[in-house]
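In the two complexes that follow, chain A is the common piece, with chain B as its partner first and chain C second.
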Partner chain A sequence: MKRRKFIGLGFATMAVTALQTVGSANILKDHPKAFMDTKPEDAIKDIYGTTSVMKDDKASLKLPDIAENGGAVPVTVSTSLENAKTMTLIIDGNPHPLAVAWDLQEGTIPKFSTRIKMRKTGNVRLIVEDANGKLHEAIKQVKVTVGGCGG
Partner chain B sequence: MSSLNRREFLYMMSVLGASSLFAKSHQKLFDVKNLNDYYKIQNFGNARFLHMTDCHAQLMPVHFREPSVNLGFDSNFGKPPHIVGSHFLKHYGISENSRAGFAMTCMNYVENAKRFHRVGGFAHIKTLTDHLRGSFGKDKTLFLDGGDTWQGSATSLYTRGKDMVGAINLLGVDVCTGHWEFTYKEKEILANIKALDSDFIAQNVFVKDEALMNGAEAYNEDTGRAFKPYVMKKMGDNMVAVIGQAFPYTTIANPQRFIPDWSFGIKPDEMQELIDEIKTKEKPDAIIVISHNGFDVDKKMAAVVSGIDFILGGHTHDAVPEAVPVKNSKGVTHVINSGSNGKFIGVLDLDIKGKKVRDFRFTLMPVFSDLLPEDPDMKKYVEKVRAPFIDKLTKPLATTDNLLYRRGNFNGTFDQIICDALREVKGADISMSPGFRWGTSVLPGEAITFDDLMNHTSMTYPETYVREVSGKDIHTILEDVADNLFNKDPFLQQGGDMVRTGGLSYKIDPKKDIGKRITNLHLSSGQQIEANRKYKLAGWSTVGSASTGEPVWETVEKYLGAHKHIKNLKLETPDIIGVKNNPGIELSLYKN
Partner chain C sequence: MGIKAIAKVKKDIATVKLLVKHPMASGKIGGGKGDPKYINHLTVKHGGRVVYDMYPTSAVSKNPYIKFAFKGAKKGDTITVEWKDNTGATQKKDIKLK
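Up next, the complex of A and B:
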């Protein structure tokens, strides 16, 4: 499939997924405070009741080493876990670190791409909640520069 | 050096004549047939690569002083290219006043430059590369150009890179990639690529998703790649894959506004996928990468990606006379860097058999303009390019008692003139000038021409600015640039040098983390920089949005016109901590 068409389709899928969240797990509805927390650990604890995570390769996070534009950093999140329940994306350096929460439905392919705004250099984390409620984490530092002098 | 590389190096020295190194070198050669007296390289194997990189549009022969400071730390401490000056001479067993010592180090530079004259120049390069190709076999030789070819001189700017497209077509380059090529506008870049006889390849440049949605062109809509990522080339009986790697931080170190649709990065995962795909689909006899990553980034890429035989690299302008082996999960990849400004041609001969590179010879060949006769066609071409501007270019702006150069981790003397000019002309407390690695040298006693000035300033975003900044801002800028240079992770190094400063003194501890490297900030008056106080800062080359001031060459021309003669230039060098035993600095040149 041509990438252009695929991207178009991607946007449509996202819209459908958002609708599907109604009536099942709903992080925004159930844990509204998490989105207002100022510390990453608080947000994780508010949603999951714990900050204990496994650092394995089940959660996957793709980000640039250095952001081309801190205002729109491309990120792709995915998990190899079957029947994962939720995924949350946390930007440590932002005033409100919890950026995105995905409530996964049965049959959803758990791979999403979006853009995030990063205030400064820092870690970005993806937390995946598996079918048993255990948490898996991927973490990556992204550098946001004030402007280069390379050459 | 590994034993293999020691052997490689000894071979190179024998090529360059070792003891009788350019013994007859005071006489210029006029007969191409005698070229082998000097460039007596032996043919080896069955595939030859000629590698030029970072010529920065220097069509004419130049002086280019290699750095006296190019620091490496941790795993790169004392490793090429972080060995300079006398350390370099000792490491490779070269004598200071030999031609090789002159070409590859800063030692006794002025005396040697007077003896051995200018290096490079496209008419001389063409004579050498035609010879190297002809003597090995045209059908087995491939000429690769690593980029930074369309920028760096007055004429390249005036013609928007077209003079260089014509020059490398005439030179016979087969494949190239880019960095400063991307500082022209997207349309100009695509038109120039169309005019190239060579392939322009880059696996790590993608059309942004948003741009694709809006109908932007891509080389491949499935992958989103903006350019052809690789080419297959027949070399004798072998099929060789050449993959392109453009400068990964183009959109961070240079303006995005000229190329808003394109996104860059190192993209090691994509590189690995591509290599695996090429291996299955094309079954190549060897895989070569033409890279603009910079030496340390190439070394890390060679470690995390497997399947590449050689990386012919550029960007960091390092003249490294050996192929450095790097181990990875499936074997060894050799990393090469062939200097800059047309000073060198890297010659890599491979013995390929049974889809394997069995052995190789690498020679970093200096281009001595006093030895190599000019190729008449290229000479004519260069003259034609320069003719419309020649009066302006050759105009002397001032004379100098000091050796003027730029290259090095901290202020060079030509940068000092730019910084002094910005402060004086604009009435600023402090000035800043980017840590570019291009910019040629001017010998003491010579005139500084407009050509020389443009060799240090010629680019598409030369506008100057004056603005009020806080002491805290100054600290943040210095920390940010220092981290681009000294970050422990090579993938976070952008390959430029430290921002040049005027009117400012500071201490730098390169081994510390970001935010903690720069201390003791003072104005040159001795007054301490206060975090909350405002200072008047002058500079040029803004990456974010265009500034409104005149191009910096006008500022410097005005300054030189007023001073007429440069003498007792006071080079502002920061107090560098923890480098006493570092072979990446020639401390004898830093004594006052």
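Up next, the complex of A and C:
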């Protein structure tokens, strides 16, 4: 092989490697077991490798005290931490507690709203993974009048 | 199955509200009937850059509502919403920021 061609091949390989690195994180593919776990602590352990969390005000969870319809409970999750990596929403009373995970993006405000299903009264937790990989937790109990996991 | 969106820019911040038509069925394990069918990955891109990367499960309500905001947007820009569900179905939609 000619020297010039060989160098060219090297650069091509590097370019491909770089492309694979950018945006390659996929929480579902990297931690499939966490999504199937039936205990909240197992889900946290399988996604982050630890269950050690700081209960401070860095993670914030907005939910109603009482949900009349467990099939659609409005929730807003946020963090005051700069450059946090991921957020995970855990619903203790559901068959699979891991409800939603977010991979946080630079330039996106880490405050998201959605609606969730809750089978029964229980705790909802938000885990925020900060830039150093440490975990911060917010926890809130929600009373569910009519469960919403059917369907 | 469609995607409805309201996406508005104020200063340089775009606030995006999505309503995605999808059953988000948990199947038998969640006390329902039939097979599970739920979105398990939803992304929003702006100019090729990912601005929202969400991994939902069947614990997200039917016809998911999603709200978020990102910086560095202009009126007239396009964002692309794309989802994939556990059965392999996908949908992609371009939305213009107002």
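Points to keep in mind about this one:
Criterion: the second predicted complex is superposed on the first by the 122 of 151 C-alpha atoms of A that agree within 3 Å, B and C clash if a C-alpha of one lies under 4 Å from a C-alpha of the other, contacts with A are read in each partner's own complex, and residues count from 1 in each chain.
Keep this in mind: a contact is a pair of C-beta atoms (placed from the backbone, for glycine too) under 8 Å apart; a residue touches a chain by one contact, two chains touch by 3 or more.
It should be emphasised that the depicted structure is a prediction, and the values quoted were computed from it without experimental measurement.
In the overlay built on the shared chain, the residue A:Glu82 is in contact with neither chain B nor chain C. Once the two complexes are laid over each other on the shared chain, residue contacts for A:Asp57 go to neither chain B nor chain C. For chain A, the partner touching the most residues, choosing from chain B and chain C, is C.
In the superposition on chain A, A:Thr114 makes contact with chain C only, not with chain B. In the overlay built on the shared chain, the residue A:Glu68 is in contact with chain B alone; chain C does not reach it. Legend: residue contacts after superposition of the two complexes on their common chain; A:Lys143 is shown touching chain B, with no touch to chain C. In the superposed model, A:Gln105 makes contact with chain C only, not with chain B.
Comparing the two complexes, residues 113, 147-151 of chain A contact chain B in one case and chain C in the other. Taken together, the chain A residues at the contact with chain C in this complex read 23, 26-28, 35, 71-73, 91, 94-96, 98-105, 107-109, 111-117, 119, 147-151. Within the complex formed with chain A, the residues of chain C that make contact are 13, 23-26, 29-33, 40-41, 49-62, 64-72. Of all residues in chain B, those touching chain A in their complex are 179-180, 209, 212-213, 218, 221-224, 247, 249, 251-254, 256, 263-266, 434-438, 476-477, 480-481, 483-484, 489, 491-492, 494-496, 499, 514, 541-544.
Against chain B, the residues of chain A that register as touching in their complex are 1-4, 7-8, 64-69, 74, 113, 121, 143, 145-151.
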